[in-house]
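One structure is given below, represented as structure tokens, and several questions about it will come after.
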Amino acid sequence: MSEQPELLDESVMAMVAARDLPDGAIVNLGLGLPLALSDYIPPDREVLFHSEQGIVGFGARVFDPAEMDPLLMNAGGEPVASAPGMSYMSHDESFAMIRGGHIDVTVLGALQVDAQGNLANAQIPGKPAPGLGGGQDLATCAKQVLVVMRHVAPNGDPKIVERCDMVLTALGCVDRVVTDVGLFEIADGRVTLLEYAPGWTVDQIQAITGAELAVAEDVREIVLI
Amino acid sequence: MINKVVGSFDEAMADVQSGAMIHFGGFANPHNTPNYLIAALARRGADQLTGVSTYAGHGEEVQRELFERRNLEPLPDGWDLGLMAELGRLGKLITSFPNGNSRELLYPFEHVLRRGEAEVEVLGQGSIAERIRCARAGIPAFYTPVGVGTFVAEGKEVREFDGVAHILETALKADFALIRAHRADRFGNLVFRGPRTFNQTMAGAAAVTVAEVDEVVPLGELGPDEIHTPGVYVQRVVVRPSTPLDDWRTPA
Amino acid sequence: MSEQPELLDESVMAMVAARDLPDGAIVNLGLGLPLALSDYIPPDREVLFHSEQGIVGFGARVFDPAEMDPLLMNAGGEPVASAPGMSYMSHDESFAMIRGGHIDVTVLGALQVDAQGNLANAQIPGKPAPGLGGGQDLATCAKQVLVVMRHVAPNGDPKIVERCDMVLTALGCVDRVVTDVGLFEIADGRVTLLEYAPGWTVDQIQAITGAELAVAEDVREIVLI
Amino acid sequence: MINKVVGSFDEAMADVQSGAMIHFGGFANPHNTPNYLIAALARRGADQLTGVSTYAGHGEEVQRELFERRNLEPLPDGWDLGLMAELGRLGKLITSFPNGNSRELLYPFEHVLRRGEAEVEVLGQGSIAERIRCARAGIPAFYTPVGVGTFVAEGKEVREFDGVAHILETALKADFALIRAHRADRFGNLVFRGPRTFNQTMAGAAAVTVAEVDEVVPLGELGPDEIHTPGVYVQRVVVRPSTPLDDWRTPA
């Protein structure tokens, strides 16, 4: 087996995920890698980012302490910018919005995703209890579930598998997955490779994937536009 | 005359008994947490509490680390549920985040869980929020599609509506709700600033709702279209000290 | 039977009902006679009037068109004054407040009330369907249910009865009744006369009442203070 | 770019089909009623509608009488659900007030009922409000103590919680929600003035929520703490004419 090509870095993964968000979409960003998406919205589009504590319409992350609003953070506690048209609400209304099907896309991190679209992101290894946050509501009720995660776990295990064996967050919910080696669609019990990271072959990707991959007819190298 | 403003945080927490069920407002940010109410509750000494909180608290050490990562000065008075965990006051916690977000940091309640010193009920954030809202709204139970087929559904009634499986969740009414708001008047009307989190959700979902606020303004200054939470849902209001304290043990 | 003494007029009935509202009470005013209560709160007391369309804390009724706010009305569509500390909300929150037991006293009109505390105020004679408004929520969920009504129906039938035979609004809910001849308590399956209108005797009141009356030990003539 | 502002009331109602289920906002007051949306719906001509409204509407004649009783000038454009009743467009109405308040006045829907031309489902106002809120919030059903032992409970599941009987009520999701608000921006964010009635409750409880507003302001003018209803719940916004029209037949 040849040496492994380069993995996409986290910002590029976020850009790939952000690239496909339609104009006008209401998008929730979950903990971890998804939080970066609000930094990468193409300027020709308006995407309304929702955060569970009661925000619709926040902007990019803020890294300069002088510009931070201590009350305005994303779900991971990172300061974000306000944007015109933003609104605040309560946690119950925020989840009424989620449960009521008003979120177009939820972007979530994951520990495992399987060919049935099952999602496991609750029981982080080494932590004393499973944690759900808002992920279970989002995965169950958003119109589209997009997972952004590393392709392989720190211990080398594949994270896209035939059947999740970790604690499940929600069943049959995942539609798309962005990893550091490609973009995948999950539908009808099958994982399909849509785009691959520069330098990667289908075989190389299959070799680090725990489910059998189908390959889209128009499979292509990832481009960011 | 109605006047819900009480003179001290200790007075506001004076009747909390051991074994009480308490809603803790906010969302993983000391700036929207009822810091001084939590400190007063710690001074009060009630234990074996059942806490309801979407997160288990940072505690002083983890919070300092999180602030430093963002090049921010830690708050001297950023007390949160982590303090109650450190002091061993929680008999049970109903929460969606029993652990911290960070894999490297160990949060106070994680220590409690590892030592087996408290029970935990893990539930999705939306179901917790709705169970609390139900307590405010006089609804004993509702059906939700969230959690079906997962550990959350264990022991719960499952029922189909329009061919989709749902589980039955029940209201969570507490003895006390500790919340944080920006401004209040003597009727207990509240205006929040920023995301209203569980602070607004919990108001009215307990026998006694206590609001910690930055400021009490004269009656009439908060306009009828502007008030986020009517005073009907609030029994006590306490104003934060103008100069931050730096030790939770200091009476306030 | 001697000639009937004078009946209390509507404003006096409202004053009697208003007299007993405690300082700080949250009080909902229903359609009909109860609407007048907000005009008669003693100046030493703060009572917060709730109206179902989403108001807490309105003031007295306004009769001068120049002073009317067309958006601020009581449940019967009568213009009312704003008051400091008033707040607005949605219908769902307004009824969350009612159903959640946050209303101390609800003041309702009635067609019939019986000794079990059952309330009938839904089917107005001559109307094609029963109407409930917010009365069913209020009667079921308020901490105290106070009925203000004429003692006798337009057709001469008593309105306080042993057992309602009209369409029921809510069961076992009524605590007190103010009529144009007296003030009554309903508890433990019994209607007790607490106060009588000037000039009325117990026998005269019993004669126009459809349920057997008990008489309070400290029964007295109505006073307005 | 997001722009939910549509150019005319007729455009906003152009896709309403006969047989649709429609939430009608407001509360018995033409000033908080989506008058022009109702007029446009009348012009659209869809019939056999299932309406959801806490009251059945005044209609022109009764409304004039009610205004005169208060020495007020009747509104030229105070159209409400009474217009739909007069035109015979309602196949069914879910309501808490099928009749008018007044014993002397006959409201338009009372005529409809007497002629047996429409079905009616009478339900307490709080249960209607909560069923609508459930549609917005993705909850298919909930238990309430309201209505137990009365005609409202007929055919409904009864279940005890803590020894108290409750009935099961289900969500009411409509095809369209017609609501009235004060100000909006192009995202559909809304600010109300006065009691927010069913207008706020219904926003988000239909496939298409249409808001009739006094004014559209530039994005950013409505502050995040001030917005009552996030634009997420609103699909279309239409501005009321600056000069009132006086005939519902006039396109607007």
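Lettered A, B, C and D in written order, each chain numbered from 1.
Methods note: a residue touches a chain if its C-beta (ideal position, glycine included) is under 8 Å from a C-beta of that chain, and two chains touch if they have at least 3 such contacts.
These numbers were taken from a predicted model, which means no experiment stands behind them.
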item	value
Of A-D and A-B, whichever chain pair has more C-beta contact pairs	A-B
Cα-centroid distance, chain A relative to chain D, in whole angstrom	38
Inter-chain centre distance, chain B versus chain D - centres from mean C-alpha coordinates, in Å	35
Inter-chain centre distance, chain A versus chain B - centres from mean C-alpha coordinates, in Å	28
Rounded Å distance, chain A centre to chain C centre (Cα mean)	57
Touching two or more other chains - residue numbers and ranges from chain D	130, 133, 137-139, 144-145, 192-194, 224-225
Residues within chain C bordering two or more other chains	55, 88-89, 95-96, 98-99, 141
Chains that touch, pairwise	A-B, A-D, B-C, B-D, C-D
Chain A contact footprint on chain B (complex, rising order)	27-29, 31-32, 54, 66, 70-72, 96-99, 101, 103, 110, 113-114, 120, 122-127, 129-130, 132-133, 144-152, 192-201
For the chain D and chain A complex, residues of the former touching the latter	1-2, 133, 135-139, 185-187, 189, 204, 219-220, 222, 224-225, 227, 230-233
In the complex with chain B, residue positions of chain C that touch it	23-24, 26, 46, 48, 50, 55-57, 82, 84-89, 95-102, 141
Interface residues, chain C side, partner chain D - complex	31, 51-55, 65, 68-73, 76-79, 88-92, 94-96, 98-99, 122, 124, 126-137, 140-141, 167-171
Touching residues on chain D, where the partner in the complex is chain B	130, 134, 137-145, 161-162, 164, 166, 170, 191-194, 224-226, 228
